Every structure is written in C-alpha cells, then in structure tokens.
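This is the structure I have questions about; it appears just below.
We just call them A, B, C and D in the order they show up, numbering each chain from 1.
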Amino acid sequence: MARVVVDVMPKPEILDPQGQAVANALPRLGFEGITSVRQGKHFELEVDDSVDDAALEKIAETFLANPVIEDWVVRRVGA
Amino acid sequence: MARVVVDVMPKPEILDPQGQAVANALPRLGFEGITSVRQGKHFELEVDDSVDDAALEKIAETFLANPVIEDWVVRRVGA
Amino acid sequence: MSVRVGVITFPGTLDDVDAARAARYAEAEAVPLWHGDPDLKGVDAVIVPGGFSYGDYLRCGAIARFAPVMGSVIEAAGKGMPVLGICNGFQILCEAGLLPGALIRNSGLHFVCKDQWLKVENNTTAWSSRYEKGAEILVPLKSGEGGYQATQSTVDELEGEGRVVFRYVGDNPNGSRNNIAGITSANGRVVGLMPHPEHAIDALTGPTDDGLGMFLSLMDAVVNA
Amino acid sequence: MSIDTVKNAETTPDQEQPFRELGLKDDEYARIREILGRRPTDAELAMYSIMWSEHCSYKSSKVHFRHFSESLTDEMRAKMLAGIGENAGVVDIGDGWAITFKVESHNHPSYVEPYQGAATGVGGIVRDIIAMGARPLAVMDSLRFGKADAPDTRRVLPGVVAGVGGYGNCLGLPNIGGEVVFDESYAGNPLVNALCVGVLRVEDLHLAHASGAGNKIILFGARTGLDGIGGVSVLASDTFAGDDGSGKRKKLPAVQVGDPFTEKVLIECCLELFQQGIVVGIQDLGGAGLSCATSELASAGDGGMHVYLERVPLRATGMTPAEILSSESQERMCAVVAPENVDAFMAVCAKWDVIASEIGEVTEGERLVITWNDEVVVDVPPRTVAHEGPVYNRPIERPADQDALIANGPESLARPTAAADILKTIVTMAASPNLASRRWVTQQYDRYVRGGTVLAQPSDAGMIRIDEETNRGIALATDCNGRFTKLDPYAGAQLALAEAYRNVSVSGATPIAVSDCLNFGSPEDPAVMWQFEQAIRGIADGCRELGIPVTGGNVSFYNQTGSTAILPTPVIGVLGVIDDVRRRIPTGIGAEAGETLLLLGD
C-alpha cells in the first residue's frame, strides 16, 4: 500500500474566486502581509502497490483535474 | 516573500462525501486498486517575510480550516 | 411525425421532470434515458438536464460525463444530433468535451437563484431559431458554479465564430467571461447554457414563457432536417 | 475488546455505570434497573439514555399535549389521517391526495457548526416526510439569529443560510418561504427550524411499525460512523478499549456532516420501493439513530424484533455495539419487508447504488433483542425504550417580573409628528434588519426546481401545484413573533397562528392544518414552563376556534445562554389547500392603475 497526494490548482490565468475571497478577507480580519492566495483541492489516496505512476497520472489528468482550467501535481508520500 | 502551503482535510472520523464519491467512481472508470480517497482543500499563499509561523497557524486555524470538522497542516515551501 | 426528445437522468439529476415537461409543452414526446444505459431509444434529440449529478462532488459534471449514456450522446452529437445541456447539463457537456471551456464557482461564492435577462446572440442554432437575434428573454438562473471560463484563445474563437448563443444582460451574475450564459458547438447543434429555459414555459410557475422558444426551435430543427 | 453482554450484566450487578454522564437522573437509572430486573448493559444504557432524553422522549412537554387532543372537534379530526405521535402529520386534501408536513428544530447543532447543522436539519426533516410514504415537495426555513451586527451573527448566519441552501438545492426541493428574525436573545442560541411538506396518495400512507413475525428489517442508505456519539464515548472509557489503544476514544465532535447526494438518491430509491408496494413499515434514522429506529419500529408493531448488529455496514473500525446504536450518521432509513420481497427490495437499492443490509427480523414475542456476533447485548421491552419513558409534570410559575414587563409599554416612547420625522422613521424602519429585504437569503435557495412552485418569495405564503391535471395545490406559511409571545405567551402564540393562517388565506388557499415548532428555554425553569404551557393552550384554543388541527411538530427546550432563555418562540406553520392554483393571489399591489385599496379589520 502506498499513500499518494494529488494537489489540483486553478491555472494562473483562470479566475479563482475562492482564493480571491480569502485574500480579500484576511486584512479585514487583521492578518496583514498575505499578498496572494490561491485555493485548490488536495486529495489523499491509498493505493495498492500494483498501481504505477502512469496510472496515477492518468487518474489525475482525466478525472481529478480538469486540464482546461486546472494544473495538478501527483506525489507519492512516505508510508 | 515566502510561499506557504496549507492543506486542510476532513477529520478522519468525519464523513467525507466528496472523497467517497471519487472513490466509488474510480472502478467504474476502469481504475482499480485505489482503496481510499479523501478530499480536502489546498491553499497556496504568498506571504511577506514579516509573517511568522504563529500568524500562519492562526490564519489556518481561524479562517482556512474549520477546526470542528477539519485538520490542517501549514508548510513553508522553498521559494 | 412525432419528435422524440430524450431526457437523461443521472443520480442526483433534479430538473429532468421539468425538461420533459418543456418538451411536452412543445408537443414533442419526452423519452426518459437512464445514465447507466447506453441505449438512446431512437430519440431525435437529447436534453442533459440540470441538477446536481453525483452531488456536484469533485467538480460539477466530472463524474456524470463518464456514464455509459454519455458515450452514446457524444457519438450521436458527432453525427449532428441536437443536444441541449442546461445548467448541470452544460457543465457535463463541457466536461465531456462536447463544448469548450468550463464552469467554475460563482464570483460571489454563493448559489444564485434569480430571474435573469438574457440576450439572444445567435438564432441559427438548433435550439434558438425561434428567437429574433438581439431579443431579450427572462428565465430563471439557479446555480452555484455558473462562471463560464476558458482560455483567451477559446473565448476569442467563440466570439469570432458567433458561437455565444446567450449573454447575460445587466450585472454579471456569476463572473462569466464576456457575460457568456450559453454557447454552441461549431455546427450549431449542441447548445449549453447555465440559465433554465425549462423553468420559463408557463407564467404560472416561472417568470415568463420565454424559454419555450428553445424547445420549439428544436421541433423546427428536427422536422426540417 | 470485551463487550458488555446481558450475561455479563447479570453476573456483575454492582458494576458502576456512567449514567449521569449520559444525562440520566438517579431515579431514571433505578427505573431502568427495575424494568430489566438487572443492571443495563452498556448498549442498553446508551439506548435508554438517548431515548429518554428530553429531545426524544418529550418528557417535560408530553403532559401538555393533552391540550391539543382535548380541543379536537369532529370537524378538526375529519381530514386528519395521522396526527401527533407519527413521524409527521397527514391530512386528506381531496381527489385521493394526502399531504404530510412537519417543522423541526436543529438549533444547537447549527450554533456549533452552522453549515452542517442547518444542512443536516433539512436532511432530517425530509427523511421524516419520506418515512410517511410521501414524495417530498418543498422546504421552508424559519431562522432566528442574534443582533444583525453582532460578530457571532457574521459566523452563524451565512453558514446556516448556505447550509439550508446547499442541502435543499442539491435534493431538488424548492424552498418556498421562511423567516429571518434578529434579536439579541438568540445570540448564543440561534433557531434553525426547517419545514418539509410532501404528497402521497391516501392509500400509500406508511406508518412506522414492524409487524408480522418473519418480516425482515433492512437498513439502507449511508454507512454508520462515529458521528455524534460524543456523549456515548464515555462508555468506552471504563469498560473496553477504543481503537486507539489508549482505552478511551478521543473526544469526538458531536457534529454530523450531511451528504445531500446520498439523501437525494435515497429519496428516489424509497419512492420506487413505495411504488412497488414492498414496504410494510419504514422509519428514518434521526437524532437517536438505530436506538430510535429499532425500538420505535418494534414498539409500534405487533411482535418483537431481533437485530444482528454486526451486520450494520460501518464506516469506522472498532465501533462498539453502544456506539453503533447511538451513531447519528445521516442519510439512513430502516424498512420492514416481507421475506418474499427482500430480493425485489435489494434490486431497487442496487439500481440507485444504495447500500442495503438485512440486519434483523420481526419475531414472535415482545422483546427487542440485539446481538453482536451471537452474544446478546440488548434484551428489552421496546415500549419501555420508545414510548414509556419518564414523564414530568414540571413546576410552572408566572414570572414575578411579568407585570413590570407588561407595564413598560410603548406609551413613554417619543413619537414623530412632523412629516420629515415620520419619513425618517419609516426609512429607518424599512432598513432595519428585521424589516429589510430578505433577498440575500432567498437568492441562495432554488425556488423553481420541479416546476410546481406557484408562489414563493416575496409572497406571504408559498404555494405548490401538486396535480398538473387538476391544478390542485397547497399553500404554506410559517410565522412567530417572540416579542409578543414574551409579553403574553397565550396571546402571542395565537397571534403567530393567526398570522400564518392569514398568510395562507390571502394567497387564495383554505387553511386546513397546523404544524408547530416550540422553541423555549429550560423546562426546569418554572417561568419558562409557564410560557410553554400558556403558548400550548393558546395554540390549542386558537386551533379550535379556527377549526384546524395541530397534526404534529417539535419541541426544542434548553435554548438558553446561562440562565437567560431565548424569547419564547412557538413557530407556527399553517397548511392550506387550493383547488386551482391558477386562482392564486400574488402578494403586492399596483399591478394595474386604478386599483382600490381596502383595509379589512381594525
């Protein structure tokens, strides 16, 4: 068994209303010095050892992320 | 300037309908061997060097995460 | 000849009854299609209705687009069958690659339910021929992820080819690029829009009956085909 | 992990049990021992403590419900198919149609976690309606918050509204009305009351009971997890080790996360099951989870029941029987099915991808027996759990300061007389939180879905067409003014009733039934009990006067911060019928020039 993390983020040129809202709210809450916030998704998968990197990449590209608007990163993390 | 990542995940004992929906869909799409999926949020912040770890922790706890149902991890990543 | 319009139900679809009713109001026969069954039952056109297929979990439409019925819809659309995606249906058509771009969270971050004015920009599609170009129609908009987004080149292409079918009038309700409410495929047969024409077919239960024109347009498209 | 079995309980009669931590009084615990003739097992203790809580047993309010039954006339009974005591009231509205509706509170959870609290509040009331055999038609939400500019209101209000919308919109139920009220008494106790209305054919009414020995008990819907068992986790501490090995489960949040998609699929699945006529009895799993569903089904049936707890599909590992019985996991239902129909039942569940498990059967005899891998962990007379809990006649006393409160009338307030001052006052009032536009709220709710909504905001009542052939429809309104009710609970409750009645009438419908949600402070405070008793009498007398029955509702006590109770808030929902929705009367004037304005009443 392995643990895999996939982070999916809106592409830089795509509007990110959620990140924007967080960034705008922070100074109002008294938190200064945060110049930008982007919000995406974080997936944690438990996968059998039979699942190879190519399969993981495929899952991320065809399903977890929408390549039209999102970028993604797949990482295996220590067990 | 520093880059900070905050990952926010539903607590293990809390229902994660989204992760579950993803997990259920994978075999239907022909992806076998994924035994569990949890879905959370991934934030990327650009912060001034003046912002210390305590402030980041506070932002995560009071704003980015909902401590009643979520756990979170704050990490500074290489610039 | 009776025109048969298929209406797909996915787990979590909500506005299928409304889409079927709208088809009947236009005197078509509404044929229920099930997500798990690739059989299109010989229909002349397909409506992918609104709602929350699979709860909108992951991304709106991301799970539904893999349903067996969608394979058949993609194939039929390739041969020119008229397909209409409303709200979640629009999201599914984008995820399935039948229409370009994607729909993201509303810029205001809230679900918005309101009566929305739309301008008809293209009346040459299978679903908009009954309207006058430039006409303004009032139909309900109800969605949380209705912001139309695409790369600049895609938006330029859509605008250049006149493929924006409906545009929001007045304040942009959700942050859509260029106030885009609905678009069409290159051949004008596949149309997707966020607002709900099927909820504007009778002034008793909707703000107007302005939406009926879309279903009547389809009748013309099928009968004249 | 050692499990506390009945056998074990018999041999260790003196083992100490944390009944006080579970909210049971000494005499209540003594009564349980007396009923069982031994000490309860952990699982039994969990069941009794939950089912005998104020929330589930109505122990402080029950005695006052007699005002409702005593005021019933034949006219009021005529159309009532199910009343107080069922999951929701049901009334006959003609043409073979019946309507079921109910208002319920989810106040405390919405304070702890506004989004999920409100969302699961909607989810819970919708399951009550399905459990009557009905298709849910619409929802309404009646909300109360602290002052609009209070910091905590900024946390609670957006979350609650997003939760009501997030869940209801995803289920495809139009939201056809509600209220938003601000008053500082609700600052630490927001009120989130959700109403659901459903429709069924008269012959399809399903009441919750488990009858017919040999019939199977099927649990279907979501898996059972560690949700909302915060209280019961004390049981894990001294008897057996939790799964983290430390001998104690870490404190769990008493918060449930809703999964509206699962509920939507569950609704469709149930409707198909009803249509096939293969459900003998059905019960939703609400706050008290399996404890409630099994004991209520068995108690209302004609036999006993055997449940095999190890067959319950779980979401967490190492759950104990007490935890499984107490879990508040959402989106679950329990059905009673004849053995020959089990396959058909399972096929419908499979079509909708709904997990279903046969967890037991109706038995001869009168006991509810629950086993865990062949060991008996519960063996009780089900009525003692579900229907024969403690009943209290709490002390009642009119507050000493009530007269002073009434005497402090508006006479002493300055009144504007000059035109400019009157204008200014009107503008100030129109902009005040309690009168301002509710669009920020209502715009987050889908009011169109399923195409039957004839009236919704900004109407005084919501209206839904239920029959597209005949255009028959129903109308609903909810109302309450807590400030009036505080001044005079009897008259205030009647004013709420009268207002909801009027709001339904002016839409063109004829009022026929009432559901109420009685939100009050602590029943242990005699002044609160006085308010409560007065309000119930007010409603009962008012209903008799108007000739429409209370068919169901909900009581929410302990809405207070420290010793300060909220304003007494008996929210009244009135249901009306209209034979032809095309004759509805929309709210508003000025549609045509030359309209005549008439003022009726004084």
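Here, a contact is a pair of C-beta atoms (placed from the backbone, for glycine too) under 8 Å apart; a residue touches a chain by one contact, two chains touch by 3 or more.
If you're wondering where the values come from, they're calculated on a predicted model, not measured in any experiment.
Between C-D and B-C, more contacting C-beta pairs join the chains of C-D.
Computed from the mean C-alpha positions, the centre of chain A lies at a distance of 39 Å from the centre of chain D. Centre to centre, using the average C-alpha position, chain C and chain D are separated by 37 Å. Rounded to a whole number, the gap between the C-alpha centres of chain B and chain D is 34 angstrom.
The set of chain B residues that touch two or more partner chains comprises 17, 21-22, 25, 29, 39. Across the assembly, chain D contributes 259, 261-262, 353 as residues in contact with two or more other chains.
Residues of chain C in contact with at least two other chains: 54-55, 57-58.
Chains touching one another form the pairs A-B, A-C, B-C, B-D, C-D.
Put simply, chain B touches chain C in their complex at residues 17-18, 21-22, 25, 28-29, 39. On the side of chain D, the complex with chain B involves touching residues 112-113, 116, 222, 225-227, 252-253, 255-259, 261-262, 315-316, 329-330, 353. Listed in rising order, the residues of chain C touching chain B in the complex are 54-55, 57-58, 63, 66. The residues of chain A lying in touch with chain B in their complex are 1, 7-9, 19, 22, 25-26, 29, 31-48, 50-51, 55, 58-59, 62-64.
Residues 162, 165-166, 169-172, 259-262, 264-265, 352-353, 442-454, 465, 468, 581-582 of chain D are the ones touching chain C in the complex.
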